[in-house]
Amino acid sequence: MSDLHENVSMQPWRGFASDNYAGVHPQILEALTRVNSGHQVAYGDDSITAELDERMAALFGRPVGVYPVFNGTGANVVALSSIMNQWEAVVCTNTAHIHMDEGGAPEKVAGIKLWTVPGVNGKLTPDLIRSAAHDFGFVHYAQPGAVSIAQSTEMGTVYTVEEVAAISECAHELGLRVHMDGARIANAAAALGVPVADFTINAGVDILSFGGTKNGMLMGEVIVVFNPDVVHGVEYFRKSFMQLNSKMRFASAQMIALLSEDLWLKSATHANEMAQKLKSAVEKIPGIAIEVPTDANAVFARMPEEVVERLQSKWRFYTWDSPTLVRWMCSWDTQESDVDAFATDIAAEMAARNAN
Amino acid sequence: MSDLHENVSMQPWRGFASDNYAGVHPQILEALTRVNSGHQVAYGDDSITAELDERMAALFGRPVGVYPVFNGTGANVVALSSIMNQWEAVVCTNTAHIHMDEGGAPEKVAGIKLWTVPGVNGKLTPDLIRSAAHDFGFVHYAQPGAVSIAQSTEMGTVYTVEEVAAISECAHELGLRVHMDGARIANAAAALGVPVADFTINAGVDILSFGGTKNGMLMGEVIVVFNPDVVHGVEYFRKSFMQLNSKMRFASAQMIALLSEDLWLKSATHANEMAQKLKSAVEKIPGIAIEVPTDANAVFARMPEEVVERLQSKWRFYTWDSPTLVRWMCSWDTQESDVDAFATDIAAEMAARNAN
Amino acid sequence: MSDLHENVSMQPWRGFASDNYAGVHPQILEALTRVNSGHQVAYGDDSITAELDERMAALFGRPVGVYPVFNGTGANVVALSSIMNQWEAVVCTNTAHIHMDEGGAPEKVAGIKLWTVPGVNGKLTPDLIRSAAHDFGFVHYAQPGAVSIAQSTEMGTVYTVEEVAAISECAHELGLRVHMDGARIANAAAALGVPVADFTINAGVDILSFGGTKNGMLMGEVIVVFNPDVVHGVEYFRKSFMQLNSKMRFASAQMIALLSEDLWLKSATHANEMAQKLKSAVEKIPGIAIEVPTDANAVFARMPEEVVERLQSKWRFYTWDSPTLVRWMCSWDTQESDVDAFATDIAAEMAARNAN
Amino acid sequence: MSDLHENVSMQPWRGFASDNYAGVHPQILEALTRVNSGHQVAYGDDSITAELDERMAALFGRPVGVYPVFNGTGANVVALSSIMNQWEAVVCTNTAHIHMDEGGAPEKVAGIKLWTVPGVNGKLTPDLIRSAAHDFGFVHYAQPGAVSIAQSTEMGTVYTVEEVAAISECAHELGLRVHMDGARIANAAAALGVPVADFTINAGVDILSFGGTKNGMLMGEVIVVFNPDVVHGVEYFRKSFMQLNSKMRFASAQMIALLSEDLWLKSATHANEMAQKLKSAVEKIPGIAIEVPTDANAVFARMPEEVVERLQSKWRFYTWDSPTLVRWMCSWDTQESDVDAFATDIAAEMAARNAN
């Protein structure tokens, strides 16, 4: 049996597969030690979680409901359940994480049906919402109860403040509530350059999954309740749906560290910049097309399959739906040198291929 | 807005409320730093989780399935689902954590019905299993599919090797599978003084929730599959039931650290000893009765309600079902001086009360 | 392949197994033909179902919500879901049909956890409710949200008007809603000799499963909503939980026929009388003990196992939990001669046994 | 309060809204009376249901599993659950009844996720299946476990024998099981003019929802199991999912009557012919376009919205997705004179409109 120390002494590496592949930001790791003395009441009645409440209130400009959970899927399913009736359905894009990447958790844990619509670069619009939100009162059609949008989206695009506001307005007119999946909300905030409140609480969003894991936390997301009038039972759903962290101080401390000194925005800004750098480097290479606007920290590029395969033998990244569409994610720890090296390899492989 | 540092600089304290109130063992915190360099594949395909597989195989004497999850409820519900048909039910005691303390997660997440039986000091027996496992093939009676026992139990008792083996034998004869909720398996192993394999894999248990959080981890439990012939879809249930950790290396590293140098057993042995010390100190106080055998790290005592209340104004602990029945939990970080101080306070309050 | 006509030309028989074994009352069968001309709007927007609304309003003294469904389990699960939050639990006896006889439907279809208490002859009491309805606001304990009682009960007993009122008062004080499983409500009404409204809508019951199948209908129960303030989404739950009858006129017509000319009460009164007759005949036989008060149409008797077995070779009936406890059900079509013949056989078998 | 007799003495009418609007075929009503003597064992252990087993075996050419249920949604959800693992998903068209018209029952009752694909005139193809059935073993993507097709489809089209066989072959190659929603299987059989076994059991279908309600039954469908190797727990799912009929003899007798003397085929053939007659009459009217092939008993036509509205003031029928697309259903009781009168009205309204 090998020893852990040896095992991880192998050469560290970084790739462009996912912001989940990155580790924990050192300031966040330090925060764990700082709160690790003595006992604290479990399950959230601790002083550190109380502190997180204040931080979130400050961030959003007024008191909000704050519910740390384990992961993004958990945040989404608990948040959606708390704004819906049990018989209702959620309108989202067909590229949404809740549809494509959560192993059916909304359906299997909470019985939530999804009404999916195509999306435009991964984004929902009022017209698309209306195309699915109809037949109110007709029992045969699972009744639309909420809209869920991701900010930034699975396609790396970012809703403008106006787009979010228009979606909320449309949803509310129809009697639907609005959930935002903010697994990468920091990247959206960094991209938009406006206060996060502007495109959330002040843009009509009712409940938010505020992401931490993809932005340098060890694990943890926070459900943030903006509109308590349409939200019910978050604390019970969190427990019953197995997302209640017993030693919650360690989750809250991570999020506090993330919010401190704008670490969340600095990390996201850096990741976004690395994506821009990568995009700039590859978009001029003949034979490569940027398929989706690079608003945040993801680059979606179309390129020959054989080049994809050769690159994947050296670098970790995923294709997306098609063997010729690649997704390259940058993260808080992506180095300029990583981008340079990767872009150089891409250019070389493309050149070799084009030479044939 | 106060500052975190100030906030937590308040005097640290320790109580007897729960092993969940304790912090993270320093060796486990260190392990986080050690695995925090570079990228790792997310969701468990990392080298640290592979290392955990080997550690668990060594612990149990042969290869086992290893599935880290977030928390105990998650471990239990995923494990149970993976050994049951969707229409089946689980036999357990009416004091079981899955029944009393999981907010209905088995029912609400997985549709699992529980057939509860009274239990003897929190323990199941073959006769009790038979009292609930009947009417096979009769569709009106939710079909018994599995037995779930906790080791150590919610009442702080520990099954002997023979008791577990007898339960497994009875269950298997009836066609049921056997789950062990090992949220405090370390305390049981320490109490029994035998290899953990003896009362798990070698005693007929099919699947185990191996606890970490209550024994000094920041968060994390591991589902361990012993009998793959009766287990299906653990990896899918883990995902769909929202228990799949993306940066899993940090969960696995904690568990590896817990298993290294017998830290898990040392910590549990210490907690058990502190419980024995507390029990010895209070059992001789007139007016206090130890209600349940103190097999592991919990002391259940009967005492006057007014004394309970006065003690709770100074020390944190819970009553159990009745205002005169208290549960005192010891943990890896309980100090001898904590026990001495607490026992002294108890004796003083009882003396004051008896003097009236 | 045999022909249906031949097949059913075998000698008809009647037993004491279940009121579900009986056929359809002729007046109810006739009603099917009467409404079978032309088209009607499906799913309940037909003129016959509108007529049923009026009949129910007349029966209960004011407008009520009327929702025909397929069967009793469906009525119970839809009704309970419509008075609960998704995270809540139901308090009921451990002999309740929803617990013992519905194949886990409450848990599996609706994620409803049941907090069961022992019951006194199958009846709940305010004290028993309080023993399970506690820890409000404590997320670990599945939150009590409703009480469910059966009238008459699975044990053949009947709540008095005062007992129902006391249960409702207790439940409402605790913030719980009240469901009545009236699969055999006609037998209860007949036994009590008071208007059905007295022990339902006027006794604080919020929602009722009004039974038809066990009282001479082909199939069908009706959910009756008394307190719309605490009921939500019945029409959606009915659809989503697969209890919405498309050709509903035929279900409604049966229930109208049942309510017409007091057929429901006459049939139930007859069944109750047959049970009294049977009880009177057997209670004086040495070696037989009536175990539960014979309030309605069920007789529960304790007798020697060997006699049970001999009787079952000639008559159909079930044992209950134990091979020496039998349940004999009378139905709308039980004949006096059936009771006489059965009682004679029982007496003869007991005499033969006692002679040995 | 009005009297039922008066109430239904209003002039009977027939429309083209749905085959669910039609009543019960007289031969089926008669069958209820024929089996209504004496007691029968409840829940399916009766002699009439045994007779149905034989009838179905004869129909499909070998013994099959036969499970009567209440309605089509129930048949579909129970059948699908019995061929899937709990974590899996179903591939179907986005016009499928299980997706659009069941109030989310698959998701809400059984946690089944649907992977929908566009469909060609409501029909699935092997290529469409492959477009959704991928990423096997990738836990984030809800694992495809089954294919569900409707025969005839929601769009009134009918799969050929070869099309069904190709779908089954593709599905089985991918490891998926095949469910057929046969709510209108009689119309498909009538349309194809081949034995029903040819496009079901002999074409690789694993499990079938055999429809009765839309073809002249009062209520009732039958789940038919062709491939027991891939089906598990139908009897338990039927009970737990609230689809177990207690007085099952009356459901079985209806289905036996439907199958007797080819009543099912005669009724469906008639309905199909009425649809052809209607289609022929309207397709030559200028301004009306038949949008989907009229394979069975549904006519889908495109026509001006104002004409639709005027016609709906006199005749009952539904629009489909758009105010200019209408669906006209014919049923077992549609009369030639109904079609003539309706076609005349359509022609007149169109003429009036075209004259403007």
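Couple of notes before you dig in:
For reference, chains read A, B, C and D in written order, and residue numbers begin at 1 within each chain.
As a working rule, a residue touches a chain if its C-beta (ideal position, glycine included) is under 8 Å from a C-beta of that chain, and two chains touch if they have at least 3 such contacts.
Remember, predicted model here, so these are calculated numbers, not experimental data.
In terms of C-beta pairs in contact, the better-connected of the chain pairs A-C and A-B is A-B. Taking the mean Cα position of each chain as its centre, D sits at the greatest distance from chain B.
If you average the CA atoms of chain B and of chain C, the two centres end up 41 Å from each other. Distance between chain A and chain B, defined via averaged C-alpha coordinates, is recorded as 32 Å. Our note on geometry: chain A versus chain C, Cα centroid distance of 50 Å, whole angstroms. Shared contact sites, meaning residues of chain A that touch two or more other chains, fall at 43, 86-87, 102-104, 108-109, 111, 139-140, 142, 236, 239-240, 244. Across the interface of their complex, chain A is touched by residues 1-2, 4-5, 7-8, 10-15, 17-18, 20-24, 26, 29, 31-43, 47-48, 50-51, 54-55, 58, 70-71, 73-74, 77, 102-105, 108-109, 213-214, 218-219, 236, 239-247, 249-251, 253, 256-257, 260, 316, 333 of chain B. Those residues of chain A that touch chain C in the shared complex are 43, 81, 85-87, 110-111, 139-140, 142-143, 232-233, 235-240, 244. Contact residues on chain D toward chain A in their complex (touch as defined above): 86-87, 89, 100-104, 107-109, 111-113, 116, 139-142.
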